[in-house]
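Each chain gets a letter, A, B, C and D, in the order it is written, and its residues are counted from 1.
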Amino acid sequence: MNPAKALGPAILTFIAYIVFSGSVSGYDLITGAAIAVITGILVSDFLVTDTRKSLDIRRLGWLIAYAFYYLTIAELKSHLSFAPKVLSGRIRPGVVEVRTHLKTEYGMVTLANSITNTPGTATVDIDPEKQVLYVHWLWVESEDREGVREKIAKPFETFIKHIFEGGEQA
Amino acid sequence: MIDIEVFIKTFIVLALFGTAGVGLYGVVAKPHATKKIISLTILGDTVNALAILLGYRYPGGIPPVYTGQPPNEFVGRAVDPLPQALVLTAIVIGMAVNLLIIYIALQTYRLYGTLDTRLIKKLRG
Amino acid sequence: MSGVRKVASAVALLAIVAALSLGAAAGGMGPFFDGIRSLGAFYLSTAPPQIAELVLGPSYRGLSSYSPEVVTSIVWDYRGLDTYFETAVFFLAIIGAVAIYRGIEEPVLRRPASGLSPIVRAVTKFLIPINIAVAASIALHGHLTPGGGFQAGAALAVAPIIVIVVFSRRYLLERGVTKLKALFFRSAGLIGIALVVLIPVIWSVISGEWAWVMQNQWKPGAEAFSYPAYLGGALISGSIWFLNLFEFLAVSFGFTILFLLISIDEDTVRSCMIRGGEECDRY
Amino acid sequence: MITPELALMLIFVSIAFVFAYLAVEERKLIRAVVYSAVQSAAFAFLFYLLGAPDIVLVYVPVTVGIYPAALLFLIRKTEEVENP
């Protein structure tokens, strides 16, 4: 049992416990810490794959930056470009194959969810071995591989690469 | 002239009795064991709802959890906690018993190859 | 019958109910909506320590369960023996289900793990610790806010179901959640409940003082024994805190056992039932 | 004088009644389970309106989570359609 490995899940559990309890008395902190330790040890084996990475504080910074970028710039841009198309009813739908450079499962899932959550695109399926996402696109702008990746995945990939995969090769 | 408030209250009570009746009808009249189990859960839920309704205070009932208001206001407004306490255990125990019934139905299917009670009756007269 | 016709007939039945209510609305409501009974009012005015000390004075401490959550007070203190034996019914129901599956156990390494898509899996991985945290919070705050051992146990019992559906049964077994361990924790919870209930009696036998089964705070005539109402300044409501915790264990692991068993592949069960194969005979 | 609580209770009780009837009459058992879960959800809202958050906390996981899961396991292992 590796105590450092359990730290990440334990912090997640502790935050969930305090938020759900809705109070921060000494009793909450003590019981929350106890529950967090137990849960962290129980779930660390299937939640954490790389201990060194799970304790890297820079990833948190990238995560916050990504959340800020995603919730403001990416969402706004996507809304602005798709609102007229939806309102006018002029769509050109299709399913495209997006090749990504991400390797980890968490990275690919985050990318898939990010793509789904912006208007106009929805991830239909993901193939972790081939590093391919199948995305339903409301307005297919380009057909070639690089163009598709440029339009759909590129803005998120840089951030996710830093969050989940160290970011060196990005 | 009929009071609309009394009408709605009566409707709520009678609709709950009606739901219990539907559940009872399913348990008695439907031949399939799975359907009987589904009906049984509906019947149990509805009887629990009626028990909770017995403790409700209208208007303005609040949950029986003391949160620091003046004692007179709390005792004067909180709903009756006793039916809730009884229903609370009834739900969990009922679920354990219903899961046992599900297991027995599964075993019945393994032994008889069907869950239709009419066919089971024919198989072992 | 088609779906539209079914909805139509349901609405027609509802209209009959409405017509009946229209007729009955001229009369009274019977016992419904008319407020609280005197026993309920007694529970409301004695269970919270703040009110009990104000209304009854400190000499009536035995009437209070020292918990602002009146429902949990009734479940574990005022009508504690009810709940104690209802837990026995719960125990017997699960034993019955386990007995049906006696001698049947799927060999762990039978087929590769299958499940839903990677997206669902990765999200589920994060939901499991949150589920545990929420359930534990419900259990450990059961004497303060709505909640308690039963609620928390039911909330946590959802976690193994989700894991079985999203990943597979084998995934759960490989992570160490086996029937034997679940049985152990459920038994630990039940023994804990029995101990908390019986400790006043054991103490009474040893010391020669009076005490009652399920005695939470001291009772008139049995003043010597009392579970602590406050621990380090935090209200823990005597035995209620312990009973909530142990019931949480018993209920959650009890249902974990049931779902571990019901998700066994049916072919395995049949082969075990017919041939009584050796690979099935693990217990 | 009708309060919003009373009106909401009326709505949820009606939903529960209709879906209970549908669940009992439906011949495809998986659909019956889903209808039963909808009826349970309506009851959960009713319990909340009746001032019983304790019951809601135990009722929602039990009847929307555990019952349907167990019944779906049962249906998948046995028969999916009720005999006529």
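As a convention for this text, a residue touches a chain if its C-beta (ideal position, glycine included) is under 8 Å from a C-beta of that chain, and two chains touch if they have at least 3 such contacts.
Note that the structure is predicted; figures quoted are calculated from it, not measured.
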Both-way neighbours, i.e. chains that touch chain D and touch chain A: C
Chain pair with the higher count of C-beta pairs in contact (B-D, A-C): B-D
For chain A paired with chain B, centre-to-centre distance based on mean C-alpha positions, whole Å: 42
Chain centre separation (chain A, chain C; CA means) in Å: 35
Between chain B and chain D, centroid-to-centroid distance (C-alpha), Å: 10
Where chain C and chain D are represented by their mean Cα positions, the distance between them in whole Å: 20
Multi-chain contact sites of chain A, meaning residues that touch two or more partners: none
Sequence positions of chain D contacting 2 or more other chains: 14, 17, 21, 53-54, 58, 62, 66, 70, 73-74, 77
Multi-partner residues of chain B (each touching 2 or more other chains): 9, 11, 15, 18, 22, 53, 55-58, 63-65, 78-79, 84, 88, 91-92, 95, 99, 102, 106
Chain contact topology (line, ring, star, complete or other): other
Chains that touch, pairwise: A-C, B-C, B-D, C-D
Contacting residues of chain B [partner chain C, same complex]: 2-3, 6-7, 9-11, 13-15, 18, 22, 53-58, 63-68, 71, 74-75, 78-82, 84-86, 88-89, 91-93, 95-97, 99-100, 102-104, 106-107, 110
Contact footprint of chain B on chain C as seen in their complex: 13-14, 17-18, 20-22, 24-26, 29-37, 39-41, 43-45, 47-48, 50-51, 54-55, 68-71, 73-75, 79, 82-83, 86, 89-90, 93-94, 96-97, 100-101, 145-146, 148, 150-151, 153-154, 251, 254-255, 258, 261-262, 269-270, 273
Complex contacts: residues of chain C adjacent to chain A: 117-119, 121-123, 125-126, 128-130, 132-134, 136-137, 140-141, 175, 232-234, 236
Chain B-facing residues of chain D, complex: 1-3, 5-7, 9-10, 13-14, 16-17, 20-21, 23-24, 29, 32-33, 36, 39-40, 43, 46-47, 50-55, 58-59, 62-63, 66-67, 70-71, 73-75, 77-79, 82-83
Contact footprint of chain C on chain D as seen in their complex: 14, 17-18, 21-22, 25-26, 53-54, 56-58, 61-62, 65-66, 69-70, 73-74, 77
